[in-house]
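Both of the next two complexes hold chain A, though its partner changes from chain B to chain C.
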Partner chain A sequence: MSQVFTIAGAELRLMLRSRLAIVGVATLLLLSAIAAVTSATQMAAAAKMRAEAQIATDQQFKSQPDRHPHRMVHYGTYALRPVGPLAAFDPGVDAFTGTVVFLEGHRQNSATFGAARESSDLVRFGQLTPAFVLQTLAPLLLVFLGFASVARERERGSLRALAAHGATAWAILSGKALALCAAAALAMAPAFAALGWAAIQQPAEAGIALLTALSYSGYLLIWVLVITAVSALAASAQGALVTLIAIWAVVVVLVPRAAAAWAGVAEPLPSRVDTEFAIAADLRRIGDSHNPNDPHFAEFKAKLLQKYGVGKVEDLPFNYRGVLAQEGERLTSQLFKDYAARAGAIQLAQSDRLTALGLISPALAVRRASMVGAATDLRTHLAFLETAEAYRYNMVQKLNALQATAVSGADDSARSKDPIAERRTRISADFWKEVPDFRFDAPTASRRAAGMIPSLAVLALWIALALALMMIASRRLERNGA
Partner chain B sequence: MTHILREMWLLGRSRSAIWALLLLAVCASASVALGLASVARDRAVIDRMLAGQVAEEAALAAFVEDAGSGAYYGFQPTWDPPSDLAFAALGSRDIAPAVLRVRALALEGQIYENESSNPELALPGRFDLAFVAVYVAPLVLIALLHDLWSGEREAGRYHALAALPRARRRLWTSRVAVRLAGVLVALLLPFGIGALMAGTAPLRALGFAGLITLVCLLWTAIVLVVARLGVRSAVNAASLAAVWFALTLVAPAGVNLAINAGVPVPDGAALARENREYVHAGWDRPRDRTMRDFLKVYPQHEAGSAIPPTFHWKWYFAFQHLGDLHVAEQSQAYRDGIARRAEMGRIAGWVLPPAGLAQAMSAMAGTDVTAQLDYQMRIRAYHQRLREFYYDYLFSEKPFGPQELARVPRFDPAIGG
Partner chain C sequence: MTHPVLSIDQLVVERGGRRIVDGLSLTLEAGEIYALLGGNGAGKSTTLFAILGFLERSGGTLTVGGQDPAGQLDAVRAQIAYLPENVALYDHLTARENVDYLLKVADCPRSRADVEAAFGSVGLAANAWDMRAGRFSKGMRQKTAIALAMLRDTPLLLLDEPTSGLDPAAAADFHKLLETLAARGVAVLMVTHDLLGAADTADRIGLIAGGRIASEWFAQPGEPRFDLNALHSGFARVR
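This part shows the complex of A and B:
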């Protein structure tokens, strides 16, 4: 064991003497610090802006004047997706989805205004965030620091000297890997400090932060093991470097992009217009409120009249128009829900393909774990959309109920011709205050932790594979007489 | 010629070189195939929308009773067809909608709608030929050329080779030419096939191929400078990878941060909310004030502008449009902010040539931010035509029925309005 530490110590001293290594580590630490600070300020600003906008929109709704309740159905309100608890560490998909949904009657709008559509063409890949530094930049730094660790010794013939001192091949490789681990720990420090800072501010997130730190440590451990093994297996330091850069490019850059493109083609998602047309066609089939002879609404009316034992809608004890609006909203909302569930299932299936491809690229696995932990993944966004839709439905139905009970049917049917009746259909502004504020909570920490498990399992598998590769390298080294 | 043939033979004998070129060719082919598939999907979305519109209009024709209900319920399709080069540089087509249906209501509440898409697929960026040319090809060039001189030196052959008469032309030039040609063939062959399948205009295809060649020439020059100066192959490879890394990944990300911090874009959500406030306050605002404000913009409708004390569509559509005018400045500032960021990105492209060439590719393919803003302007122009078509009916109180519905102006993807 002491041999391992001696070898690691020697390797670290060598790194400290290498200008290339010092410059590389310093650059990474600097980038990492810049990323941590800018990401934290940006996300704090976004969080503040969205929270304030949510309060403002809720206030605006409550301070509307006396109105016909159906006016309020169209006035609607906005739901803003709050910034995820660890979004400063990993903003995930935050920039690539809209952040605001307009909620109104009869319609289901998309989330609009995301940062990606407000940026230049300069980068699509790689917003400078702590997560990006750890996923993409840190492995390449480790490649630069470690590619020559064993290959250099062999080229100089000093492996034999080490063996003569009684060092086994495994001890040599472990020592080299340990030194690289120390460098990796240093490289992770600023990003982990950002994570720790977030955890201090939100103690409930401490467990998730720890799990996230664990997945990144595992990810970089995979790189350390693979780099050391390749350095031992390659014929020359140059060969090791070229191989490792190729592996990095494939694992970190190529596979994630190709995987996303492939998932999109393999699981095609219907467009918004496709869905709108399908819903319109369904509505024409099951119940069209525009059609006076529509069988569904004719039956609805007949049942209602029968239930209250009256001959015409004017004799009902409530405003028939409000009840009709409720039934119409019930039908459309059910369809919105069904189609959204279908689209959500397709998107989750696409993302599941990415998780499966984590078997080829651990970068995909760690990205997934990180986003799920930070509540900045697809599933959280879909949950937000679902919450917004449920809120929309409840708000609209509450307003439709007010139309049924607080607005007289006679006034309601005369309002487009009689200004006095129209005045009477405006109900008190106090009613708007009864509509609750919109609120969305990210999935609980324990649910997110559970969501991280598949990715963590993939990372564990990769650690095992990398260890096996190092064992193969060690055996080769032993056999070839070091 | 014999030098070229010899270098080709040598290249063929290097297993790692063949692997690198093969990987590049596979990536380029896959990117072209995926790009063509993505463009075909966009086209299919547009076609399905135009086909489905027929049923929508038939349904509307069954209950339309006046110009107001036609304008209120009649959504009209607009679309941004992919260009003949879009398959090679998909740009931001995955995050900006290719189709949008609009109606004559306030446009600011409609124009920012997004396409439904999986953000986790947009996150890593597009896998298109522009990506392969700008990110992957340089790495292959580095792998092929970084040890051009140092490799021979390390093998102990350098002095013998350099002493050959006309070594520069006979040896190094032909070696570089053959390797660069290998990379270009791996990129341009799939591109050529894709361009044929997409029916790209020959001159445009040539221009795009020129950009790809420029990327490769740029990186060949960088690699040769480092390879000439450097002594050890491993140091060359490490320095070149660091240069690649800085130029294609780190610097653009840093510049992007600086641009976003330095060029503020007004809060779009606040703009949309302000539009809604003004539109809905229209119900309670004095009616003659609404009509007066509207007639300032549309004096030609003065004659038919009298409204009853109850609801009338012309009053309704008047305050819808006033809502748009109310936030016109904010809306312009929002677009200007985005355009300014795109502009700064282009300027940065002159300092960061790989990023500059990538932007030139998406600009040529009409898939960049500027193209998205252009599409929005075409939607605005069309929306104006659509509104004004209905204003004519509303203010003249001409009858409007299914026959008039068929005369609604159609969107023209080339000019919009």
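This part shows the complex of A and C:
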């Protein structure tokens, strides 16, 4: 074991005396620190802004004057997705999915205000976050630091000298890998400090922060092992560099993008325009509640009159318009829900395909683990949309119910012609205060931890494979006289 | 029972399906300097690699201090100091750091005073001790490597073309160092093309041809120690 530490120490000394290595590590350290600070600042600002905006929008709704309830249905309110507990570390899909939904009657609006839509194209390339630095840039730095670790010794003949001094091939490879691990740990320090800070701020997140740190440590360990093994197996340092750059490009750049494209082809998601046309067509099929001759609503009206034993809607013990609005909302909401469920199922199927592809790219596995831990994954976003839709439906139906019970049918019919009747249709502003505030709770830490397990298992599998590659390299080194 | 420092009997080593060493036998006692001469590809370096356990043998026996590299590689390597043709020092480390590092790898750390004494005895100038090896001449590298070998205090020293690239004065210094080591009881097996150097230093000279020792000469008392004409003609025959 002491041989391993001795060899690791010498390798670290080489890095410390290499201007290239120092510049590389310092650059990554700087990027990592900048990413941690800027991301934490941005997400803290976003969290504050969204929390304040949610309070403000709830307040605005509640502070509306006496009004006709249906005007409140159209006045609507906003649901803002709260910032995930570890979103500063990994904003995940936050930038792409939108964060604000306008909630109103008759319509289910899409989420808006995604950073990628609002900002320059650079956001699409990848935000400078601790997660991006660790997933994409850190492996590249490790490649540059470690590609020659063993190949250089072979080219210079010092590998044989080491072996002649009793160093086993496994000790040489382990020492080189250990030194690279130390460099990786240094480069990861600011990002891990950001995780630690998040855990201190929210102690309930400590377990998730630890699992996230474990995921990234495992991910970078895979890189360290592969880099060391390739350096030992390659015929030359140059060959090792070319091979490792190719592996990086495939694993980190190509596979995630190709996988996303493949998931999109395998599980095609209809475009928003197509969906909106389809919803509009279905809405027309359901019928028009404002059209007295619409077959569905004519039947609905007939059943209602029959149930209450009256001949016309004016004789019903409630405001028919309110009940009609409730029925219309019920039907359209069911339609929206069905479409949303279908789109969500497709998106989740795409996401599941990406998870399965984690088997061929550990970058996909660590990305998923990171987003699930930070509650910034697609599943959490879909849960937010579902919560927002449920809130919208309940709010609208509550207002429709108020129209049915607190507004007289006669006044409601006459309000467009009779200002006095119109004034009577305005109900007390106190009713708005009964509408609960919007609230979305991210999945609990234990649920997120459970969600991270498949990705952690994939990473563990990759570590085992990388160790096997190290063993093959060690045997080959031993067989070829180091 | 004491074993010879190196005992090789009917050694066979194959590389790429070709027999490079084919029935080589050689015994080396403590304090003896043996020069192994031969043409390019005759199997000189291959023999060293087999002793070091870098290559597996396909026949014969080989022991270092009675231990077989095939089964006791660590124990065998602990008894050998090896100087390749191009001494592989770490350019980013100083002479002192190089020696400290490799001694630590070999698990035989030495004090600072011991290291400086070894540097002094091999004639490495004091201003080079803390100089990075990247700035060393070949002679300085050789001296550092010999100092390392002395500090390891191994019974067997293997040298692969140690004087190639050295100027005559440096080569002469080097041969003196070998004599010093041999006087301490170190057995030296030196693979070389340098016939005159070998004749100056070695106790025995073996000529390798066809993968085995084809001729062997023993040093005689007085000067010249070897019949140089016989050596020249023997060497010319196998080249």
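Rule of thumb we're sticking to: the second predicted complex is superposed on the first by the 470 of 482 C-alpha atoms of A that agree within 3 Å, B and C clash if a C-alpha of one lies under 4 Å from a C-alpha of the other, contacts with A are read in each partner's own complex, and residues count from 1 in each chain.
Quick note on the criterion: contacts are C-beta pairs under 8 Å (C-beta built on N, C-alpha and C of every residue); 3 or more make two chains touch, one makes a residue touch a chain.
Note that the structure is predicted; figures quoted are calculated from it, not measured.
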Fit or clash - chain C, chain B, common chain A: fit
Touched partner set for A:419, first chain B, second chain C, both or neither: first
Touching partner for A:272 - first (chain B), second (chain C), both, neither: first
Chain B versus chain C as contact partner of A:165, first or second or both or neither: second
Partner chain(s) touched by A:388 [first = chain B, second = chain C, both, neither]: neither
Contacts of A:2 with chain B and chain C, given as first, second, both or neither: second
Chain touching more of chain A, residue-wise (chain B, chain C): B
Chain B versus chain C as contact partner of A:224, first or second or both or neither: neither
Closest approach of chain C to chain B (Cα atoms, Å): 15
Sites on chain B touched by chain A in the complex: 16, 20, 23, 27, 30, 34, 37-38, 41, 45, 48-49, 52, 55-56, 59, 62-63, 77, 91-92, 95-99, 101, 109, 112-127, 131, 135-136, 139, 142-143, 147, 233-235, 237-238, 241-242, 245, 249-250, 252-257, 259-261, 265, 267-270, 272-273, 276-277, 280, 283-284, 309-311, 337-338, 341-346, 348-349, 355, 358-359, 362-363, 368-369, 372
Chain A contact footprint on chain C (complex, rising order): 49, 52-55, 74, 77-78, 80-82, 84, 86, 88-90, 92-93, 97, 101-102, 104-107, 152
Touching residues (chain side chain A, partner chain C) in the complex: 2-3, 6-7, 10, 13-14, 17-18, 156-158, 160-168, 480-482
Chain A residues within the chain B interface of the complex: 20, 24, 31, 34, 38, 49, 53, 56-57, 60, 64-65, 67, 71, 74-76, 78, 80, 92-93, 96-100, 102, 109-128, 132, 136-137, 140, 144, 147-148, 236-239, 241-242, 245-246, 249, 253-254, 256-265, 268-277, 280-281, 284, 290-291, 343, 347, 350-351, 354, 371, 377-378, 381, 415-419, 422
